[in-house]
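The two complexes that follow have chain A in common; it is paired with chain B in the first and with chain C in the second.
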Partner chain A sequence: MNKIVLTLIFFSLPTFAMSAKEIMVKNEEARKVSVYEARAVLTTGNAGESPKVKDFTIWRKVQPDGIHNSTLTRFHAPAEVRDEGILIIENASGKNDVLLYLPNFKKIRRVESQQQSGSFMGSVFSYSDIATPHVDDYQYKTLGTEPCMGDPKLTCTKIENTPANEEVKNRIGYSKSIIWVRPDNFMVERADYYQTDGKLWKKLKATEIKIIDQKNKKWLAHSLSITNQITNDFTELHFSNVDVTKDISDALFTQQNLQKVK
Partner chain B sequence: MSFQALILTIFFIIFSGHSFAKEPKSEFSYILSGRIYTDQYFPIYPSTTYSSGIFQSSISTWLDFQAKFSKTTSMHAVGEGDAFLRSLSETNQSSFQGKLREGYFSYQDDSFELRVGQQIIPWGKSDGVNPTDYFTAKDYTLLNPDEEVKRTGAPAIMLNFTPNQGASPFNFVGIFQGVYPQTKLIIPDQAIPSLVQFQKYPNSPTYFQSDTVEYGAKLSYLKTDYDFSISAFRGVNHFAQYVYDIQKNLIAPQNIQQTAIGGDASFTSGSVVFRAETAYFVPDSGKENSDLYGLVQPTHWDSVVGIEHTFFDDIHTQIQLLYRYYVAYLDPALYTTASPVLTQIQRSVAKSNGLLLNFQRQDNPGATFRIGFSNETSPWTADLFLVGYFSQGQDYLVRPQVSYKLIEGLKFLAGGEFYGGDESRPLGALRKNSSIFFEGRYVF
Partner chain C sequence: MRKGLQFNLFKYVGWRHLKLHPGRAALTTLGVALGIALYVAIAIINESTKNALRESIEAVAGKASLTISAGVAGFSEDKLEIIRNTPGIKSAVPMIEARAFFEGAKESADGLYILGVDLLQETSVRTYQATDQRIIDDPLTFLNQPDSIIFTETLAKKRGLKIDSKVKLSTTLGLKTFTIRGLLKPEGTAKAYGGSLAIMDIDGARMMFGKENKLDRVDVIPLEGVTNQTLKESLQKSLGANFSIESPATQSEQMEKLLAAYQLILTFFSTLALLVGLFLVMNSITVAIAERKKEIGTLRALGATRFSMVSLFVTEIFGIGLVGSTLGCLIGRGLAEKLVKQVTASVASQFQTRIEVTHLDFSYHQIITAITFGTLASVIAAFFPALKAAAIHPLESMKKHAESSSAEDENRSKLMIIFGFLLLVFTTFSMTLGWGKYWSGIDLFTKIASVLGSALFGPYLVFILIHAARSLGKNTKRPMIKLSLENLIRSRKRTTSNVMALMVGLFLVMMIATVRASFHDTLTNWFNEIFIADVMVASTGRMIVADVQPIREEIQKEILEIPGVKPIGADRGSASRIVPYYYHGKKMAIKAYDHYADFYQYQNFAIQNGDRKKIAPLLYTGEPNVILTQSFLTKQHKNIGESVELDTPSGTIAFKIVGSITDFASAEGVIYISRENYKKYWKDPLVTAFIINIEPGHSLEEVRAEIDRRIGKKWNVITISNAEFKEQMQQAIERSFAYTRAIEAIALLVGLLGLLNTLLISVMERTREIGMLRAVGATKKQISNMILLESLMQGVFGSIVAIILGSYVGKLFVEYALTTTLGWIIDFHFPKESVLQTLLTGIIVAMIAGILPARRAANLEITESLDYE
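This part shows the complex of A and B:
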């Protein structure tokens, strides 16, 4: 019993003492892996239909500024999207560059910023969900604490995020989000996203949160489940074979490489 | 060194563990995929010349084989088989054809990519109208709603190089094509010259001849938020033009050699994507001092500028302005020789070429417009494409289509191709070929 109490005190005290922004800084530190490669399966469906499964490889690397990421995804299945590639370059300006390689046309297409709040490959995730949020893109407010869903013995901090400016708001397509941050690893275990008119839009659950870089204390939620509260569409994103040891060149995240199907 | 010897040498370099290859290790894998599709085209106007207008019933199969031999070496082959029942000429045709769309070996590392074999190499940033698309051709006699299905390639060597282990924004592409591919057009009645013997379609070119090979290069500066390139080309106009042979008293199509320089650019600004593409073409036989001056397409400048914007996440729109300007233009109707009979024949030839290659006047402004609906979560898509020319005697093409995805991989399409405007103009002349179509497509 004493052990449980001590554990609760140990994991709860730091977050109580910290501001919402400090917690989010810790969150960004915990999930910012300098480089990784992983295999991913994206399953999208609705209660009334059979789910659609897309299989892809994802490469992500932190840019030299140490804040923003470059992400490349290459699809393997189904046949309709085989070899399609998506390159997402996050910029300090808040405007991400998104390029799409369409093998049927053998051409690269630019995705304008407004479309980045649209669906990522037919899923409930948007392109901007797949890119990662950054601390400076939002303003934060602590809404309180609640028992963590993944481990009720822990107390999660409930934080409201609002876009720091109109540009971020337009890019992400949300007026605000409410997230639950775990005290033990500062990872988000669930989130609610609201439309620009204030209605609840999507609910996210993050599970299988595992440490992927013991040395640098980096974590990754290996399973993400998101549901559109209006349409009841759902998407599950599952990562496997996560490798943080690969030496991935910056050249991988270029327009030239996007058309080189590997 | 003969071309075959050159290819063998390159193959030897690639697959014999030359120092290009960084520690190649065996990791053989392959993917076999493909598609089956069937198209039904029906004419919407009765035709006096074609027995039943543009009618096509076809079924096609593609098999796509990709194999990876090592980290740096691979191959890609796409075979196509088509069975037709169609009336693109005066008589109905039922036929079967098989061809290798693509079949090449490739070597690639961080900086280099080398491809050798049958390839389709489309260049250009704009939508549908690409002045810098020097190396591919299209078969317009193969009726299909997908423009990429009509595209044909040729045996080629392509070298792609990016300095600094692939990290540089500069990119160089060099291409050698062993023979030019031929664009095949539906020849409208108005383009068929009278008076003499007439050969409608061109003969196939011989491989690796000095007047059939093509080469070109492109230097690009590629950033993720903008890019631009300059390119140069020496080769052949893939659109054949009619030339009168006095000795044989025969009008036959020829593909004329040409030189071109061009460039393209694209960038994103907020919610708008901008694209531009331009090329300047100097045909060998279209210059003022050429024997064929006034009879075939002269030196010209072709440009496209476009913007693209998406409304409400799912409504994609695009507008492009087109402009073509003929330098040292001679009106085909003004061509003269010492012989009145020869003048009449040659004017008939020039008029046909002017109609088919759109050089009926010195400048030719036009525009394209596209509006489409697509949402990754919806099985429905819709697309409306318009292209038209503004000069006197306006002509246009309107192409609407809708598609429905029944299950993963299986899609049905319906649409139409409606030509209109002045029937003495390139698109108006195809009015009789207006059609509606239905397609079923399964991708596996």
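This part shows the complex of A and C:
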């Protein structure tokens, strides 16, 4: 999710003169917020079914290495999931620690790495979508330009991302993705994700791309919509009350805090 | 003999004979078919049961190379980290196993297995295929809600359930409502236990089934290049000796070994049935050949060689064997379908292992083997009579009176009796001294000897009875009785054949009845004697095999507050815990009781080495002491006063053996222990049942109603009265032997066919004699009555001898072979109710078999009859 969320940030130089990798470096800079807190609503469903809505708060902070993030989500509604928490600690090894807190059992459970390419808690997003992608994890190829979906006056660069190695491929579960990067903020506004057998799997649309940190030129897509092209399952994610000014302690991203329910 | 002549001989003689006597050929064919059918049915059931077990074990193990477990009580979840940190481990995923029952469960089929797994870790070991795109629609809700459960599609269909259905299941917290949040396709793990399973998240399963902070098993996958053996050694080193670390293949083998003894009994019965079938083939051929003596003589006189005669009969029987065996395979497949539920229910009762045979395994290999075996056995059965017939000189064959009582025949008959007697002597020694354990060939020969010996020696006993009847009835004014008795004595060979045909079937019936009666009476007596408590409180399920959901010990307090429940003293409870336990790979049982007084106030436990009031308290000194069953002591070569090392979740503990006891809960052995020690070493506070007595002045029904009202629904417990408990026991035993009724029926059918066949032949043989009787004034009715009377007498005397010999061999089997195989000391009980039943059945079978020949005999034309031969 937030790979995509934070990919959608940046606005700056014209992209046509830049290589695909240079554009993606800019993309990472635009979406990488050192710290933020936001409220979010996650809606999942399938055509013909009544959608399920979950309300949660998300906290994200860049780790001291300046590259990897720590993310904590705490669910508020519906009642069945209230106080559940998910802590994602990205690691340099690429194998993220994903911990889930279940308040009814007062227990923390670990999500095994093999499962991280799978669905994130029943949504169309995967765990690896939730964690942020890093420039070095992919190889890039410019496929051309197309009018941007969000603003047809702008020309988006179409880039193909392929995992840099097998380990990344296994972790993310995609064989490749094609993204459309806006020239004004370097944020991704569309993305197509392909299965390991080459079939189109998911389609993402990012809208409401807003600047959240004027000083550091950081952007966030406040509305994300992703559809599974095979099952027609969909997930929508809306952010609100994004706050980048809060002083968030590192202690928030610990197991002890994960099981602390206010 | 010219080339092609052999074919012509079969075409014009053999085939013509079969066409002329289609009924008789059909009877012989059916005899082979029924013998093979039972053999095939048991073989199919045995194979399918083994495969179902293996498939369940492999399906649950998934991709795991090794499974770590520590018995029913499980082990601390802290061990998971130790396992994961053991060098060579790639993945290690935990599991909780539990058994639950649907609301209002009455039988085993109302139960299901619960696998509590870590769904966030599972994919490395087990895969699940959802009927929908995802196994769980909403994992956040699923994982956080203890009522979340995933059913297999198979089970959901069976119970009319779907996603989001609510279902009530018994748990250690009482009857709880679960929500089905996913359905699994019948693939991978969902195929285990025939699909009678449900998946829960591990934490939910722990909470619902009283296994907080525990694990029942951990399935591991080694890193590439690490062998199972290396990993097993490392794990054993990290965890200690009291953990079982086995591959799925070894687990399957262990389970198959457990079943082996049981399947041996089934195979024993089916082999006997097959032998009976083959014996009948031999008998039919012998009689048929005797009848065709003249035809043989003619052919021999026309130049047919002995070889061609043998070939003729062998070819005929080859065809009958082939058709009979093929038919037997078809009947056997159908029979297996009918019997498999009864057999698996019986196995489940005895081994406390759920086996769901969803498909019968009947491979081409098995079909070819059965047909080849049946055909060959028929040919072998026919070979010796054929050889004997071919050896007769043509002149001798062409003599008018085919049935001559030559001195040679007399001698042969005597030899047969002696041989039969010797075979029975051999059977006696082989079974009592257990020769079968030295070589399986002896075991098979003993089975053959018991049938053949009885068949050869039995007619001698029948003749003694006939002679006795003749002496008793010499003054009778009914000439037909005299004539019939004289006929039976005069036509010794014919009578022998008829009696043998009937007797072997009844012999088998009586033998099975003896085994059943002995088991039934021994277990019932034991149980009636020991269980004296008024009421038992347990969760729904089948209490008798401890196949119930365990309950919480806190319930005791609430039970004791109920008016009418006899107080038990402040220092004690009356809870019991019964769990299966593996000792050196053998499945045993542990029985733990709260107080030594349970051994005589609630149960009259049969302690063998002294006064139970003195021995039982030794379990409650705080020391690790045990009382073991005699079967444990015998099989494990232990004595009272010695120590026995038991693996417990707290380590290997040396328990001192302070007594021996009679208990049939497990053939391998039962370990009695104080519940205090059980809780201490096994760390399992759950309870299988509470035992209570009713205070004088209160009625049983009043107390039961109050228990139901106060705690019944709350904890999902039911009350079982003393009488009901005993009734359950009775039913469990009946269920265990239900399948033997089918074997008895087949044996009787084989006997009926055999007798019908031989009687028909004997009427034909006696055509001239009957014609003469008619010529001297005997009416049709008198002839018909004479044949029926002869048949009746053969039925009565054959049945009496079958009862004597069947119960004798059954006694040997019960007291020796079964004791060696099962390890239980079963007392011989004469199946009194089966005696009348067998006698009546024998008479009815004989009468049915006699009707057709009697009518045929009565309807013979006098002139044609006199021209016969």
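The criterion applied here is as follows: the second predicted complex is superposed on the first by the 249 of 262 C-alpha atoms of A that agree within 3 Å, B and C clash if a C-alpha of one lies under 4 Å from a C-alpha of the other, contacts with A are read in each partner's own complex, and residues count from 1 in each chain.
In this text, a contact is a pair of C-beta atoms (placed from the backbone, for glycine too) under 8 Å apart; a residue touches a chain by one contact, two chains touch by 3 or more.
Note that the coordinates shown come from a computational prediction; the quantities given were computed from them, not determined experimentally.
Asker: Of the two partner chains, chain B (first) and chain C (second), which one does A:L87 touch, if any: first, second, both, or neither?
Answerer: first
Asker: With both complexes overlaid on chain A, does A:K107 touch chain B (first), chain C (second), both or neither?
Answerer: In the superposition, A:K107 touches chain B and chain C alike.
Asker: Which partner, chain B or chain C, touches the larger number of chain A residues?
Answerer: B
Asker: Tell me which partner A:F75 touches in the superposition: chain B (first), chain C (second), both or neither.
Answerer: After superposition on chain A, A:F75 lies in contact with chain C alone.
Asker: One more residue to check, A:D233. First (chain B), second (chain C), both or neither?
Answerer: both
Asker: Considering only the touch criterion stated at the top, classify A:S119 as touching first (chain B), second (chain C), both, or neither.
Answerer: A:S119 sits against chain B and chain C alike.
Asker: Can you list the residues of chain A that touch chain B in one structure and chain C in the other?
Answerer: Looking at chain A, the two contact sets intersect at 44, 52, 78, 80, 104-105, 107, 110, 112, 114-115, 118-119, 121-122, 231, 233.
Asker: Mind listing the chain A positions that touch chain C in their complex?
Answerer: Checking each residue of chain A against chain C gives 44, 52, 54, 75, 78, 80-81, 84, 100, 102-105, 107, 109-112, 114-115, 118-119, 121-122, 230-231, 233.
Asker: In the complex formed with chain A, which residues of chain C make contact?
Answerer: Where chain C meets chain A, its residues are 91, 118, 120-121, 123-124, 133-134, 136-141, 143-146, 203-204, 207.
Asker: Which of the residues in chain A end up touching chain B in this complex?
Answerer: Touching chain B: residues 44, 52, 78-80, 82, 87, 89, 91, 95, 97, 99, 104-107, 110, 112-115, 117-123, 231, 233, 249-252, 254-257, 260, 262 of chain A.
Asker: Where on chain B is chain A touching in the complex?
Answerer: For this pair, the touching residues of chain B are 31, 33, 35, 108, 110, 113, 120-122, 125, 148, 160, 162, 164-167, 169, 171, 222-225, 227, 266-268, 270-273, 308-310, 313-314, 375-377, 408-409, 443-444.
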